[in-house]
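Letters are used for the chains, namely A, B, C and D, taken in the order the chains are written, and counting of residues starts over at 1 for each.
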Amino acid sequence: MLEGIKIEVYKANQELAKNGLVTLRWGNISAKDENTGYIVIKPRRTASALLRPDDLIVCDMDGKILEGTHAPTSDLFTHLEIYKAFPQVMSVAHTHSKWATVFAQAGKSIPNLGTAHADYFKYDIPVTRTMRPEEIAKDYEKNTGRIIADAFTLKDPMTTPAVLVKSHGPFVWGQSIHETVDNAVALEYVAEMAFYTLRLNTDTDMNTYLIEKHVQRKQGGRNEQ
Amino acid sequence: MLEGIKIEVYKANQELAKNGLVTLRWGNISAKDENTGYIVIKPRRTASALLRPDDLIVCDMDGKILEGTHAPTSDLFTHLEIYKAFPQVMSVAHTHSKWATVFAQAGKSIPNLGTAHADYFKYDIPVTRTMRPEEIAKDYEKNTGRIIADAFTLKDPMTTPAVLVKSHGPFVWGQSIHETVDNAVALEYVAEMAFYTLRLNTDTDMNTYLIEKHVQRKQGGRNEQ
Amino acid sequence: MLEGIKIEVYKANQELAKNGLVTLRWGNISAKDENTGYIVIKPRRTASALLRPDDLIVCDMDGKILEGTHAPTSDLFTHLEIYKAFPQVMSVAHTHSKWATVFAQAGKSIPNLGTAHADYFKYDIPVTRTMRPEEIAKDYEKNTGRIIADAFTLKDPMTTPAVLVKSHGPFVWGQSIHETVDNAVALEYVAEMAFYTLRLNTDTDMNTYLIEKHVQRKQGGRNEQ
Amino acid sequence: MLEGIKIEVYKANQELAKNGLVTLRWGNISAKDENTGYIVIKPRRTASALLRPDDLIVCDMDGKILEGTHAPTSDLFTHLEIYKAFPQVMSVAHTHSKWATVFAQAGKSIPNLGTAHADYFKYDIPVTRTMRPEEIAKDYEKNTGRIIADAFTLKDPMTTPAVLVKSHGPFVWGQSIHETVDNAVALEYVAEMAFYTLRLNTDTDMNTYLIEKHVQRKQGGRNEQ
């Protein structure tokens, strides 16, 4: 079932690892089939390097497993909440990529300090609120997805397709698997640059006209250099 | 047309990527043919890894496309302004290399703190002024080239062949394609070292006699070690 | 003798190097055979890249060499003290991996600031006390093992399977060779992130409920993503 | 002439590059033949990646070329001064390796903060004094060697086989080519760790007993792990 998407998700997992965003077994990517609305996602406890397309799991939006012999990643219910909250999202990735996770651990959003950021993300990358004890105790992964949705009540999730889960790490999405991988790579790159930019100049800021220009330039194709 | 230059520009694109200066599709390099004055440049939306010599575009100094089936990079008009302002320049590269971009985002020039810098760049690497709203709204890429030229009204662009466009990233040039790639690699390396040098010692400074010596030593060949 | 374990230890040495945790000849890993209680460990003065399974040494818990033509690593007696103090430990690794060593040199423990840490280590990674002159003068390596054991008098060494030897570097352990390599990789990764997190936000802290959740989630399999 | 040494110096040049210590054409290594006292050194303007054993130059201690069709590296006279000042030195390397150069540019010595440092270098790595204008104007490279020798008037150059030339970069040496490459790799590694250690704890210090222990342990073999 959904063999084409499985191969794409499989390749995207390799891409995340190849771009240095995944260490050990930390990280997973999923995609939504536009016809059935089913989700293809990585099984639990599998290093990306060992994953094969047949190992991928197909489930519905309630998390019911439709195909696959392994258990899905424990982050499945976070992915599902993101798909439910943001209907335009066709793919979701979760990594512990270093610099995005540093901002997540610090509980700080990633400020938009340059055109590289604006080419992919219109606003600062938001950080979720602290989870309440009862949200952690029960339905932890689902509640992680809900606080992600909460972080976008005032923002369009498609113009700024990433979030930092506090004390945890980034989730990234896009309108395609390919775009989601690109957004994950771009997020890590702009996070690192933002960190060092703030060390050099705590007062630096980006011209809002310049942000608008680069957000517009990407229409019809991301970062058209 | 200009097949030899196309192969060189093609290879230079690979070199930029191999040296870690290009991520995703961020970055481009062009060259000027000394006989015709035509420019060879990368098409838009092409990862360096996918580029082939035949994909390159030939245009004249006004940006009129003479050969090529793709649209040129949106940065074409910035490249053209640099060629117009600095007639000795035979090649231009634009990257979002990490450390040079950090200085660009911080709006800070890269100070000349060591012989590695002086072997390639006589002065601090300047940062352009903030663009005005009307410069961003219309002819943005052309105006980016103009503020680059403005940054060199008091400096010889050939002894310090690089600039940081504020909130954006570096542009680098040279008297040949090979020299331009070298300058882009050197810029990133000295930017990183300058960043950390300032963290260790905010008062550090380089002997101007030593700068002169290394600027002279490179006559007849860059960094003759 | 113990050929199967030798091959595993040999491969684990390669894994440490491949993950960037070992430079030059700095680093070694050992394993305990559950039947005999014998230890398999790396010989002295051998770069991991040159090591072959047959070069590995077998000794008993008193350090008596049972097999092997080379001398064992000088760190052997530190490994043995860890096995004696923590009976559940089946494998021990010592590296000078960069970020863990930075914390060791600074004499600072690595704080638990995110789920990536909690997935592998329940508590902060402790740092040993300063060694006394007489502990350095005689039985230095054995005493290094003893101050490691001292650092766990109030902590379960299996829920936080790593320590920083002050002014020196990390020792890491686990219930298997594979788990020990994973713990060494995870330690270095969380050490780097902790360093930068503290630079961004010196007051950051992790919800203890979240730590407990991730410590529990790993039961039955580490970091089940 | 000296074909065996040429092959070793050739390989050592590759090793420096492979260990990330050499970028572009920055860096060179030489060796002294114990029978003739002749020096084998890299030619000028050659990237390590392009160098072949036959390209290497043989000269005497006065810099008179005995064999070789290329000009020697402009740093030749610095190498020669080091061989003259420190008779036990059999090989010298010069790089612009990043972290050692950061300390050189900051004009700061690299403090001995851990056993990794003490395993290779007994004392802090010294930084040379500022050169006087007349030392730069005439015989610059020779004078660079002289201020290196000056930095060791109170220190044994063999127990601390490296120096930082202020505003420039490191020179490293050893009793063999192999040892010199190891020292260059170790220098860069301990420089980076010292930088970050000081960021975490500006008051950190290493037990002098521990330094002595590790200096002694290396007798008969460097870092006998």
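One rule holds in what follows: contacts are C-beta pairs under 8 Å (C-beta built on N, C-alpha and C of every residue); 3 or more make two chains touch, one makes a residue touch a chain.
If you're wondering where the values come from, they're calculated on a predicted model, not measured in any experiment.
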Task: Between subunit B and subunit C, the fewest steps along chains that touch one another - done: 2
Open item on the list: How big is the rotation relating subunit A to subunit C when the fit is done on Cα atoms? Please round to the nearest 5 degrees.
Closed with: 90
- [ ] With over half of the numbers shared counting as same, classify the subunit A/subunit B interface as same or different.
- [x] different
Open item on the list: Relative to subunit A, which chain's C-alpha centre is the most remote?
Closed with: D
Task: Cα-centroid distance, subunit B relative to subunit D, in whole angstrom - done: 32
Open item on the list: On a C-alpha centroid basis, what's the spacing between subunit A and subunit D, in Å?
Closed with: 46
Open item on the list: Where in subunit C do residues touch at least two different other chains?
Closed with: 199
Task: Inter-chain touch pairs (all) - done: A-B, A-C, B-D, C-D
Task: Contacting residues of subunit B [partner subunit D, same complex] - done: 113-116, 182, 185-186, 189, 192-194, 196-197, 199-201, 204, 206-207, 209-210, 213, 217, 221-225
TODO: Using the touch definition up top, name the residues of subunit A that touch subunit C in the complex.
DONE: 23-28, 42, 44-45, 73-75, 94, 96, 98-99, 101-108, 130-131, 133, 136-137, 140, 167-169, 195, 199
